[in-house]
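Next, two complexes with chain A in common: one pairs it with chain B, the other with chain C.
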Partner chain A sequence: MEKAKADNFSITERKDFILTKGRQKDQLRCGEDSIAGVVSQRACVYCGARVVLNPVTDAVHLVHGPVGCASYTWDIRGSLSSGSDLYRFSFSTDLKEHDVIFGGEKKLTLAIAELAQKYNPKLIFVYSTCIIGVIGDDLEAVCKAASKKYKVEVIPVQSSGFAGNKSAGYRAACDALLRLIEPKTIEPGFYKEKRKKSINYLGDFNLAGEVWIIKNYLKQIGIDVNVAFTGDSSYEALKKATGASLNIVQCAGSMIYLANKMDELYGIPYLNVSFLGIEDTAGSLRKIAKFFNDLEIMRKTEELIKNEKTKVSAVIQFYRERLTGKKAAIYVGGGFKAISLIKQFKEIGIDVVMIGTQTGRREEYETINDMVDDGTVILDDANPSELEKFMMEKGAHLLVGGVKERPLAYKLGMAFIDHNHDRKHPLSGFVGAVNFAEEVYSTVCSPVWNYVTGTGAAFPAPQRAKII
Partner chain B sequence: MQKEATYCRNVNENPCNMCMPMGGILPFKGVEKSMVIIHGSQGCSTYMRRHIAEHFNEPIDVASSSLNEKGTIYGGESSLKKSFDNVIKVYNPGLIGVLTTCLAETIGEDIERITSEYIKERGLGDLPVVTVSTPGYGGTHTEGYFLALRRIIVRLARRTEKHSKINVIIPNLSPADIREIKRILRLMKVECTLCPDFSDTLDRPFARPYTKVPEGGTKLADIAGMPGAAATIQMGLTVEDSISPGRYLEAGFGVPLYDVPIPMGIENTDLFLNLLQQLTGNPLPECLEQERGRLLDCMIDSHKYNFQGRSVIFGEPENVYAITRTCMENGLFPVVVATGGKSNKLAELLKIELSEHHGEVHILNEADFSQIREKSREVAANIAIGHSDGRYLTEREGIPLVRHGFPIHDRVGGQRLLSVGYVGTTMFLDRVTNTLLENKYNNYRSLMYQEFYQNNGDANIYFKE
Partner chain C sequence: MLDCTPKEIIERSGGVINPAKTCQPIGAIYAALGIHNCLPHSHGSQGCCSYHRMHLTRHFREPAMATTSSFTEGASVFGGVSNLKTAIKNVFAIYNPDVMAVHTTCLSETIGDDIPSIIKSAEVPEGKLVIHANTPSYQGSHITGFSNMTKGMVNYLAEATLENKKERLNIIPGFINPGDMREIKRIADLMGIKFIMFPDTSGVLDSPMTGQFNMYPRGGARIEDIKDAGNSKLTVALGSYASSDAANLLERKCKVPAVTLNTPIGIKATDNFIMTLRQNFIKEVPYLLEEERGQLVDIMIDTHYHFHGKKVAVFGDPDIIAGLTEFILSLGMLPVYVLTGTPGGTIGGPQGIFEKEITNMLTEAGIEGKVKAAGDLFQLHQWIKNGPVDLLIGNTYGKYIARAEDIPFVRVGFPILDRSMHPYLPVVGYKGAMRLLELISNALLDRVDRDACDEDLELVI
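And then the complex of A and B:
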C-alpha cells in the first residue's frame, strides 16, 4: 500500500470541529475528547485542576504521583500573592516503580505528615495523577485520616489525567473548593440580612495583579470583594465565601460550575462578567451596579468609567490609528477570553479572521459565531497544522495564544500576543486595555518584520550600496 | 556548624529533574524527518511540548494518543493505531517514535505488539517505528534521553561492512554546542555519524515556506551504518550500561567504545581532541591551537575572580560532571554538586574529581531544590550553575544563577548557549566570571560599610567563610 500523502484535511474526524462563518449551517462540535494523534494543544485533567487551585496562596499543593507532573507545574504561572507564597512550591510524592506495584498510600501518608510538620499549613490539596486512578489508592481515606491526625484540612483533588479533559479538571478543582466553604449548607434566607454589598469574584487568578485592579475599581464604586476564586486567596478567606451577596464570574469555563453550585447551595446569584477590554470592563461594572440597584453605586460607576476612559482614550486612539486594518487570529484556552478578545480587537481597529479555543462551551461558540464577520474560521481543539493552515489562508498578521503557539507564529513570520497564565503584565481593566493595545503595537509594528520578507534566510538581492 | 536537615524524605519539594518521556522526545527531534507519539493521556505531551518549546523557541509538534477513560479500562490499542494514522496523514514522517507514559505502562500496554500489528495491517513495512518504554516513574528525563537514543539505534542499526567513520553520541546539549562539536570534527577532518543531531531541527533559521517537520537531523541511513564504524565516541561517562547506545554498538557489533566527558573545560576538550587525533591520525589544525591559547588567556585573566566563587552545580549528570571539572580547573571550587536522579557513576566520578578540592563539598544524589537550597545556604555558596529552575536559589537565597543546560525557560536563547570546545568554554567562563563580578560590584560598597563603618568589624560579614 502506498503511504498516504500528507494533507491537513485528510483527518475527516476533525471537519465537524471547524467551521467558516456564513458557509456552513451546521453547529460546531465541541466539548469532546481530543482525537488521538492530531497533536492537540490541550492539556489534561490535572492541568485544569492545578490551574484553578494553584493561586490559593497558603495551601500546600501536593501532587500524588511520579515526579513529572509536579516538575512541569512548579511556579510557572504569574499569579501574585499579597501574603503567603507557599503556593509557589511544587510538592510531589515522587512515586517510583515499587510504589506503583505496592500502592502509594503509605508514601502519601508519610508525605502529608512531613509537610504538616514542616510548614504547619491550614490546607493541603492532594492532586491525583493518571496512575493513582489506576492503582486504586484511596485518596479520600488517606486525606481524611491525615486531616484528623494533623489538624489540617487535607482535600483530595480527583484529577487523574485521563479522566476527561481540562474542563473535568476545572470541575475537580471546584469540587475541592466547595469542600472548603462553610457552612456546608444553609437555611434559605439565612444570609439575607447578613449579606452586605460584598461580592465573590470567580474566575480570576490574579495574573500580574489583575484581581487587585478589579478590586480597586469595585472599591471605588462602593463594593467590597469578599474573596476571589482563586487569585490571591487564602484558606480563611475561601472558607467565608458564603458571606457575599453576589458572585461575579469571569472565566466561566472554569468557574461556572462553582457559581451554579453556590447558587444552589447558598442562594448566591451570579453574573457573568469580563474585565478584558474597555467595553467589557465598563459593561461589567454597570452590570454589577445595576444588580445592587443603588443610585450612589450607579453614579460612582459612571464617574469611574468616565474618568478611566478619559485617561486611556488618547492612547488607545494612537494605537488604533496605527493598527486599523490588521487581521488577528486567536487561539486560547477558554471561551470567555476568546469572546472578549473579539471586542478588544475591535476597539483597536483589528478584525478577527480565525478564532478557536481548547475548551470553549457550546453557548460560547454561538456567541463567537454571532460576533465575527462572515468568512471567519472558528475551530475547537485545534492543532498546529490547522492553526498554520488557517492563519496563512486568512492572511492573519498576528496570533494570540499561549507558550506552545508562540514559536509557531514566529516561525511563520507573524506577530504574537501572550495571553496565557505565564504573563507578567495585566490585561484586565482599563489599564489592561492599554497594555493590550501597546503589546499588539509592539509586535505588529516591530521593525524586525521588515527583514523577514520573501524566503527569509536567503540573502537579499544585491543592491547598489547607498552612499551617505 | 551542622544544622539539622529540614528537607523531607517522602516528599520531593521543588523537583530538580523531569520524567522519562520528556527526555525521550529529544533524540527523536535529532533524527531526520521523525515524529513522536506519546502513548498516554493528553497532558503529558502538552506539558513536555510546552517546556521544550520554551527552551528552544521552536514549534514542538509531538502527538499524543490522548488516552481517555475508555482507553484506560479497555486498553489503548485503537487510540495508538489511530495516532499512527493521523500522524502519517499530517506529517508524513520518515520515522515514528512511540514513548510510553506512567499510564500506558501501568495498564500494561504492549506497544511493540500493537506497533507491529499496525505496520502489518497497513502494509507499512518500510516505515521504521521505534518503541520506547518510558514510564514517568521509571527514571529521569536523562535516562529517558539515552534509552530512546539507544532504542533508535537498536531499531535502525544493520550489520554492515566496516568503514572508517566514527560514531559520535551526543547527550542533551544545546544546538549551538552540537554545531561547535561538528565544527571541531570538520576541522579535525573526522568522518562521522553524529547522533542525535538537533542542531538544525531545534534551532532552525527563519525561512519560508514553513515546514511542519524541520530539515536536518541524523540521516536514517547513517544510523543504519553505525555498526560498521571504526569507533564510537560517546559523551556519556555517567550513562549506565543498560541504556548506553555506545555500549550496545560495542556489545552487539564490536565497535570500540570511547566514553568521554562533554568537551567542556580545557582538560575535557584536550581529551576529546587527543582521542580524535589518536583515532584518525590527523594533526591538530593551527586554529584550534589558537583557540586553546585564547582559553588559557581567559583562564589567567579571570583566575582571581573565579577563585572567589563558591559554586553550586546542579542538573543532568553528564552536564554536572563537565561543569564541575571546568570549575575545578579554574579554582572556582564547588561547594554543592547535585543531580535530581540517582547516578552512581556520577558519584564515583565526582569522588575522584573532587579529591583535589581545597575545602568542603557536598555531593547530593536524588536531590530536590529544597535540599540544594538548604546545603547552599549552609556552605555559603555564591554562584549557581544550572538550568532555569535554579532561579529559586537566586530568589530565596540571593545566589546568582548562570543559566546552563535544559530547560531554560525564563530567559531567551537556551538553544544558543555555547559552552563546549575551547571557544565555548571561554564563553562559558566569561558568563560565570562576569556573574561573580556583577554580584561583587552590586554588593561590596554596602558590605564594607556595614562591616567596618556601622559594626566596627564585628558583623562577620566580610570574614564569613
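And then the complex of A and C:
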C-alpha cells in the first residue's frame, strides 16, 4: 500500500492513518486516540459499553453522571424487544455541583434504592461516566451493598469516557456480562443434557429485529439459540449462557473478547460468522452445520439456502442490473461491518472506492486491504474533511455511514444509507440482502438528485459523478 | 407498549427518569454556530462532542461541526492544558476559522482547567480569536449553556467605542430554530429598524443545498457586528433563560440598556415585542404586520370553539413554554401541566422564577395547574396518568407518553428527532402563531375524525 500523499493534506500527524491500496504492503496505524483539535467522528467508552448492554431488555440502565450522557443515549438505538421495554427508559443520577464536590455515592445509592423499589427489576447496570472516574466514587462498593440490600443484581460498568474509545467500552460491557453468567446456578448434568444443539449468538443487537431472522433460520435447520448477546436478551436468559455448546460471533469487534473468555472459562468454542449478504449468510449457516457434524442438519441447511436463494435471486438481479458500475464509500464503526459491506456491495455490482472505520483492528484492516481493488482509500478514524476529499476524488455515488455523516453526504449531493443504529430495515440474512439492495437503489436512483443544480451562480453544479 | 410508568406517585430524590433537558455544552455549540466562520470546540473527552454533534445533526438534519480536546487518562489526571494548546494550534492550522469558541465539559470543569489563562498562553494566529464559556453540565441545562456562550460573545467581543450610541437594536434571540430567527429578523426589517442579531444560526443550520460542503456556511452573526453591538442603543433579549444574562452583561460592559421580553410565541408576546420596537425607535407598525395580526385574530375567532376547555400538558425549554402557555390560554385551552427540565431561577439567583411566572399566568386565567421546573418526563407522565389531558405539546420525547396514554401530540421545541421542517418554519411572530394554530387544530381534529364512528363522521367540522 502506498501512503496517500501527505502534501495535499494538512494534518501531517494523520498521514499514517490513511492508505491507498497499491503494490507494497504497509501497515495502517489504528486503535489510537484522536488528535486534539480535530472534528473526530468517534465516540467514547460509555458509548461503546451502552451499545452492547442496551439491548438487555429487562435491565434498568442507570447512568451515573451528569444528565447529558444519559440524555443522548435515551432510546436512540433500534434494538427491538419481544418482552420488557424497561431498557428504553432513561435513568440518570443527574449529578449536581454538590455531588461533584462531595462525591456521588450517596445519590447513586438513593437512585438504586428508588429504582429497585419502583420497578422491581432483576438487574441494574450502573454505568460510570468520565466525571465518576475523576471524583473517584467507589462503584463496586455501592453496587455490592445495594445488591445485598435489595436482592437485585447490581452490576457496575467501568465506562469512564476518557479511558480509551468505543472498543474499551465493548470490553467493559463484556466484563459486566461475564459477571452475570454464572455456571454455579446450573444443576449437575446440565452440561451433558442441555448442551446439545444449542448455541449462543454473540454480537447482534437485534436492530430492526435481525436476531429474530437468524434465530428463525437456525430453528429451521434444527438448532436452538440459547441466548443472543445481547439483542432481545433478558436477565434469566443471559444467566444461562453456559447451557450452549457453541458460540457464534457476528460483530467480532464488540464480542470476540467475551467469546474468548467463555471458551477459556466454560470450554465453549466459538465460530466467527456473518449474516450480512447472501454469500456470507449461506457460508455461515454451512459452517455452523459442519460444526455439529450432523447429516440431518446439513441436509436442512442446504435446503434452506436453496429455498431462500431462489426467493431472492430475481429481485437482487433486478437491482444489480441498475446499480452495476456505481461506486460506494464506507465509513462505519467497526471493521466487521466494513468487511461485510464490501461483500454486500459486490453482490449488487457496486465497487468500494473508499473505506474507513472508527475502531477497526489491525487484522480487520488487513482483510479489508486484501478484499478491495487497487486505488481504494483506506482510513482509520477519519474526520469530515478527509471523508469529503476522498469521496469526491474517487467519485463515490453513495456513502454508508452513521448519523453524523448523513448530512455531509447530502450536502455533497451524494446518496446515503445508514448502516448503523438509525436503520429501519433488517439487513441480516437473505431478506436483509434484498432490503439492502432496495435501500441502496432507492437513494442512489432517487429523482431528487436531478434538481441539485440551481438556476443561479450561487448554486453551481456539484462536482460529483453523474448518477444514472 | 412502553408504558413502564406506574400511576402511583412516589417521591424521588436520587436522579431523573426520562430527562426533560440535556447538558450545557450542546447549547454552547448551538450558540457558537450562530457566529459566522466560527468553530465550536469542546474541551473534554471526544465522546461528549460526538454526542452533541449527533444530537444537533438529528434535530437540524445538517452537519454540525465541532472539535474536541480528546481527553485521555493522562489529561484527566494532569489537566487538559496541553490538550487545549495543541487543539488551538491544530484548529487554526487545519480548519482556519475566524474564531474558535471553547466550552468546557463536566470533566474539564471537575479537573479545574483554567481556560482563560490557557487561551492567553496559547499560540493564536494573528487576527484570529478564541473565546470561551464555562459550561459544567452538573449545573443548569442546555439552555444555560446557550446563555453562557452568548455571554462569552459579549465578554470577549462587544466593545463600546463611540460616545453616542447608534440608532440600532441588538436582538438576542434565544435557543430557537433558524427559521424563528429569520422570522424575528423579518419583523424588525418590516419595522424599518437597523439591528444586529447574535447568535444567528439562520443560514448556518438551515443552509441550502449547493452541491458543496462548506465548513462555514454563509449565515451567522459577523464578528464585526458583535463587536459593534456595544455601540447600539438598545438590546432586546428574547427569553429570560437563554438571553437575558448576555443582555445584562452588555448593559454593564457597554452601557447598552437591556430589555428582556418573552420569546415572541403567540399573539401577546409578539405584540409586546413589536410595541417595544415601536416605542424605542419611534416607528409606525407597517400595514403588513397589522394585516398579519388581523389575520391571526380572524383565525383564532374562526376556530376558537375547537380549543375551548381542552386540557393541555406542555413541556420543554422554559422560554419556549412560557410563550406556548400564554398562547394556549389565549385560545381558551387549559394548560394544566407545565414542566421544564431546566432548573427554575438563574444559577445562584432566586429559585422558582419559572414556577412563579407560569403559576401567575394560570392564576390570572383562573386555572389550577401543576407547574414544575427541574422536572422530568416520568413525573409529567405520572401527572397525566392521574389526571388525563386532551393534548400534549413538547419535543420528540413526548411521543412515549402520547402513545401510552393515546393523546394527540404536537411537536414543538428541541430536540425534534422524528419529524422534519421544524428548523425552517417558525413558531414565533404572528405567522408562527398561525402555524401553531394549524398544528394544534390538526392534531385535535384528526383525533376527532379517527375516533368518530361511521355515522358520526362529519364532512364539515
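Keep in mind that, in the parts below, the second predicted complex is superposed on the first by the 431 of 468 C-alpha atoms of A that agree within 3 Å, B and C clash if a C-alpha of one lies under 4 Å from a C-alpha of the other, contacts with A are read in each partner's own complex, and residues count from 1 in each chain.
By definition in this document, a contact is a pair of C-beta atoms (placed from the backbone, for glycine too) under 8 Å apart; a residue touches a chain by one contact, two chains touch by 3 or more.
These numbers were taken from a predicted model, which means no experiment stands behind them.
Partners chain B and chain C, brought together by superposition on chain A, clash.
Residue contacts after overlaying the shared chain place A:L86 against chain C, while chain B stays out of touching range. After overlaying the two complexes on the shared chain, residue contacts for A:V45 are found with chain B and with chain C alike. By the touch criterion defined above, A:D99 reaches both chain B and chain C.
Looking at the shared chain after the overlay, A:A145 reaches neither chain B nor chain C. Look at A:L271: by the touch rule set out above, it reaches neither chain B nor chain C. Once the two complexes are laid over each other on the shared chain, residue contacts for A:M371 go to neither chain B nor chain C. In the superposition on chain A, A:K404 makes contact with both chain B and chain C. On chain A, the patch touched by chain B and the patch touched by chain C overlap at residues 10-11, 33-47, 62, 65-74, 89-97, 99-100, 107, 110-111, 113-115, 118, 129-131, 133-135, 161-163, 165, 384-385, 388, 402-404, 406-408, 410-413, 452, 454, 458. Listed in rising order, the residues of chain B touching chain A in the complex are 6, 8-15, 17-19, 21-22, 37, 40-51, 53-54, 56-69, 71-72, 79-80, 82-92, 101-103, 106-107, 122-124, 127, 135-138, 204-210, 212, 340, 389, 392, 409.
On the side of chain A, the complex with chain B involves touching residues 1, 3-8, 10-11, 33-47, 62, 65-76, 89-97, 99-100, 107, 110-111, 113-115, 118, 129-131, 133-135, 161-165, 383-385, 388, 402-404, 406-408, 410-413, 452, 454-458. Those residues of chain C that touch chain A in the complex are listed here as 1-4, 6, 10, 12-19, 21-26, 41, 44-55, 57-58, 61-73, 75-76, 83-84, 86-91, 93-95, 105-107, 110-111, 136-139, 141, 208-215, 341, 378, 397, 400.
The touching residues of chain A, counted against chain C in their complex, run 10-11, 33-47, 62, 65-74, 85-86, 88-97, 99-100, 107-115, 117-119, 129-131, 133-135, 161-163, 165, 384-385, 388, 402-404, 406-408, 410-413, 452-454, 458-464.
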